[in-house]
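This is the structure I have questions about; it appears just below.
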Amino acid sequence: MSAETEIKVAEKKPWEPKIIAFFCNWCTYTAADLAGVSRLKHAPNVRVIRIMCSGRVDPQFILQAFASGADGVLIGGCHPGDCHYSEGNYKLLRRFRLLRRMLGSMGIEPDRCRLEWISASEGDKVKTVINDMVEKVRNLGPLSIPGHLIELSNKELGIKETEILREEAVAHAG
Amino acid sequence: MKYLYYPGCSLKCTGRAYEESLLAVFKALKIDYTEIEDWNCCGATAYMAVDEVNAFSIAARNLALAEKQFEKEEEIQVIAPCAACYMVLIKTMKYLNESPALKEKTVHALKEAGLNFTGRVKVRHPLDVLINDIGIEAIAKAKKHPLKGIKVASYYGCQTVRPYSTFDDQRDPQTMDNLVKALGAEPVDWPLKTRCCGGSLTGTVAEVGLPLSYILLKEAARHGADVVVTACPLCQFNLECYQTDINKKFNEDINLPVMYFSQLMGLAMDIPQKELGMQRLFVKPEKVLKTVKGGEPAYV
Amino acid sequence: MDKTIESKKFAPGSNGGSIRRTIKYENELDKNFAKKIADIAHGEAMYNCIQCGTCSATCPVSHYMDFTPRKIIAMVREGFKDEVLSSSTVWMCASCYSCTVECPKEIKITDVMYALKREAIAGGYYPKHFPTPALATSFFDQVKKNGRSSEGPLLVKVFLKTNPFKMFGNALLGWKLWKTGRMSMKSEKIKDRKGFAKLLNGLDKVKEVAVK
Amino acid sequence: MSSTNGNGSPRIGFYVCHCGHNIASVVNVEEVQKFVATLPGVIVSRDYKYMCSDPGQELIQNDIKEFKLNRIVVASCSPLLHEHTFRVAAEKGGLNPYYFHMINIRENVSWVNTDKVMATEKAKDLARAGIQRVFFHKPLIKKEVPINPAVMIVGGGIAGIHAALTIANAGKRVYLVEREATIGGHMAMFDKTFPTLDCAACILTPKMSAVKNNPNITLWTYAEVEKVEGFVGSYKATVRHKPRYIKEDLCVGCMDCIDACIYKEAKYPDEFNQGLSMRKPVYIPFPQATPQVVLVDPETCIDFKSRRCKKTCIEACDRDAIDLHQIDTYEEIEVGTIILSTGFKPFDAKRAPQYGYGKHQNVFTALEVERLVNASGPTNGEVLTRDGKKPKSVGIIHCVGSRDAKTNKWCSRVCCMYSLKLAHLIKEHTDAEVYNFYIDMRTPGKGYEEFYDKLLKEGVHFIRGRVAEVTDWALMPEEKDRLTIRVEDTLIGTVRRIPVDMVVLATGLVPRDDAQEIRRMFNISCSNEGFFLERHPKLAPVSTFTDGIFIAGACQGPKDIPDSVAQAGAAAAEALSLICAGKIELEPNTAQIIEKDCSGCKSCIPLCPYSAITFKDDIQKAYINEALCKGCGTCVAACPSGSIIQNLFEDEEIFSEIDGLLKFAGLETGALCSTEMEVQ
């Protein structure tokens, strides 16, 4: 299947929320593994990126995710006081509060960016949090910042979207 | 604090003495209450057995009426003295709040009757109100005749403490015992405080119900109780009114007075016996009446 | 299909005479019974039952039941619909909630009993001359009509339905109650009976919707 | 162009694993494989039944050689499981292991998603993200830290004792820290042990004195760990020695002081005997206590209350071992590894009020009965009720606190067996009628079922049913002045009331009250019910998520003696394997400063919990001491000038992952965020 056809498929597909998750290696990622081992079924809309500590989450990551078309961003870290690196999760919390406000001013609903403390033993919490968030985001509908930007740029450049896509595709065929 | 008062069917009929004495005590303690206007039956245990949604809805009607009557109140305090009503109303609150589907159905139906239910009601048992709002000290102060040397077996029955009420321990409740202490009497520590009296079975399936009531009376007597106090019209009815049948069936001669805690309070607080419905009792609490100053015979 | 015929062949009476058959064939079970009861009894927890018997032991009347509450749960789960619904157990339950409080798996057993009562009445299973269902139904009708229950008329009705002779046994009691003003034969009624009827009709509508 | 990290433009090998049906049954692996084949930089794309198998790994190695691959991406299970396996494979193939990246499509996809189309799309996104990520991977050198050969063991029960002896016998230094005044733990309180019925003391005390006499073991009783710092290989622990008001080195346990105590007879409840007997303010926990040293209890000693005691004990001690002015002393030790064997706590029977413990005097806990049947116990081995009578019938109630949503959901595993043991001992001592009330009889273990058979033959009653209540309410004449047990005999289907003279509550095992503080101190996790969490339930049962910290015995979950000892051995072996290796390899995921970009704002310095970041005043730049850095990346995220990078988690690596995950997300986003992906 070439990138081109894949684009067409993508276009036909009904909208499904896409959520990027940053899970810390020691608590939440392990909990996600536990959820897997215990076969706790949940919504397939979340893509997990593994990091060592939630403290590593750079606000830029979250902004980039939204800019690249994510409909939501989920961050999972150890419970306060349980951080494997003693206080990375606190450091994140501080940043997160600021970022939340900033996102608000950008018109991005708070439910689209969520921080959860999930310990290594809380596989069931992974399930409930993911399902809950997917539902909330589904109700909010697509964010599709890039979509808007593309439309914008198209108006400016006055070229048809498909052409852009073709260029893209060619680029990717490598 | 202002309270709404939900009597329930029994307190208008077999349990009249409960209502009379309780309201008399409320007056004496200056508890500000008004009766819910045009309240209907809570559904009791029997209704649940035929149709659940209906059962919850008719119970909810009373809560809705309460909300209508006290629309300004943030949280509406409804006093339900009858154990069955109390439990049913709490259960209704709990289930409606836990199941949105159920709530939706009910609210819809209430709208048909021009009512609405938001869930601002807090259902209270008089014991809860007396102990936690009025306070043991106030009650102790209010008593005129300490019930010295009277041994009282507090019988809570089932639905006053089980399964949803939270104001007392479900296995070994204490509120009524504390109340009794406050009145100067001596509570007896007996194991069957919360054991079922047979409920409606005593009337309908005597061969099952009577033994249960019998066991309770027997055990209370064995622990030297002079009087049993209850907070439930059905318990009082079963334990008192069936004593003749019980004596016949088990060839005993039990003659143990069974009265409402509110009647005992009233006597200690020197409220005239007529106002406490003492004349409605089958078994006269002789010993209590003697200790109460000027204890003339209760009923003709 | 022929399975059914077969099991009929073995059925008591047909050839066994007074001998009671206890074997159970799969085709005699109702596979959806458990789910149905679990749904209408808020009883998903019913599946957690480990058959420990706490409910039966804590129940004040279990020794009068033909099946103990524990057994009922087991039978419901396995789909012994007929046995369960025609058993005396559910009508013995005095709703004292001891089982519900003591159950180590937090099964709302009293609610399960209610659900079974409803099923039994709906399916016309319950023993006709057994007073408790009669009480329940008469009570239901009365409240439906008047919005309130009146113990006097109610008891009369129940006894007429079940066993009129019982009433004479209770005549003395009735008289005493009447004498002490604790019993009247007039029916209590609420004022807004129209609204009350609307309420119940409203419910029927909702239910129809639910059915559709 | 960052896609050439030292070894030419990326030539990626991609491998997606079926994992039997585990992945293939939900994810269309072939589709994933075909899709990845179309991505830039991918030279080889394969799917294979079991990538972790030897042939699977050889596949990678051969491809590296044949196609000159310089990046490897494997989509299979969780990296926590097999990342190491595949890194080694890549290394064997002649590649720096950190050119490898692993994608989790089992735990994160096939095991948790059901919709095959969506799952396959998800797997593709993850694969694309992985492919884009490895573009930016760099060769890294593994970080090695030396292992301090000393071990600290916390908790001197049977598990701690066994672990200590195992390690000490291997010639390594062990610090055994015990909170109580003696080692031995719960096992020391037991009379006999199931199923062999050999006496607990007879098999335990030799091990206890072995600990005392082993030159490699430093035994600290009546001491608690206060603080733990550092990391695998070099932990620093602060231990507090609580004052026992006796100079341990001088006391020989002659007990003259006890006889001399101003209190002529003992009048304070004896902890070791569960308060069934009395002791004096100066006492020794039990005859075989190790170390054989007395202690003074300030709560009950007159001198501490009034300071006006004749101090007869001091006069009596000819070795001047008594010092009533002792205070806390602290000691710091350095160890490489730590074993936690802090044990359990018996369930508090008062939390099951229906059984009337504390209300009816003849309701006992199992541990109390262990002391009663013990020859050196409060009754010298006679089983007597609290009113001093020999019981004619005894009821043993199983599962007290266990298998109950209101208290402990779990099965405590040991109660069935110890109840059988107690049933046997009680019958032996009193010849009473013994009733066992059980929900399910659980006897898994060597010789356990046989023990059950033996009990059945001995004529002990077994009634299947959970007791609803124990009451003193007599309904029948035979119940008068006795305790009546109300239960449904579920096998017969009728309710029974059984009067007994003595009730024994088989209380379950629960985590210790301070389990949460302990786990915080040692930076490990607890599972939901509060026991310490093992790294993997099957494959790493004594390891934790913190390297170099191991767990053994009932602190990890209810366990009987054989299992505790087995775990202790395992934990000891894990510690020794680290010690023998002498060093441990750590993830090279540390952070470093790009000096030219550092603005010297110092904002990173306070963020580091390990104070690994210092400030070079001469050049006005921050500096990260790699040896101290644990690689959390907090400073990286916080650096305003982006002048800190974290190995394995560089910004480009994560950005490219985000980008890869979202390509064609809903609407096409390529125009906006294709990081320089084109391959030169």
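Per-chain numbering from 1; labels A, B, C and D assigned in written order.
Operating definition for what follows: a contact is a pair of C-beta atoms (placed from the backbone, for glycine too) under 8 Å apart; a residue touches a chain by one contact, two chains touch by 3 or more.
Because the structure is a prediction, the values reported are computed rather than measured.
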Chain nearest the global centroid, as defined over all protein CA atoms shown: D
Between B-C and B-D, the pair joined by more C-beta contacts: B-C
Subunit A-subunit C separation of Cα centroids, rounded to whole Å: 53
Distance between the centres, which are taken as Cα means, of subunit B and subunit A, whole angstrom: 57
Centroid spacing, where centroids are CA-atom means, of subunit B and subunit C in whole angstrom: 25
Multi-partner residues of subunit B (at least 2 other chains): 171
Subunit D to subunit C touching residues, read off their complex: 354, 403-406, 439-440, 464-469, 486-490, 493-495
Residue ranges of subunit A in contact with subunit D within the complex: 1-3, 6-7, 10, 15-16, 18, 20, 25-27, 29-30, 32-33, 35-37, 39-45, 47-53, 55-61, 64-65, 67-71, 81-82, 84-88, 91-92, 95, 119-122, 127, 142, 144, 146-147, 149-150, 153, 161, 164-165, 168, 171-174
Interface residues, subunit B side, partner subunit D - complex: 171-172, 190-192, 215, 219
Of subunit D, residues touching subunit B in the complex: 353-354, 471-473, 475
Subunit B-touching residues of subunit C, taken from the complex the two chains share: 40, 42, 60-61, 64, 92, 94-98, 100-101, 110, 114-115, 117-118, 121, 130-133, 135-137, 139-140, 143, 147-152, 155, 158, 162, 172-173, 176-177, 180-184, 188, 190-192, 195-196, 198-203, 205-207, 210
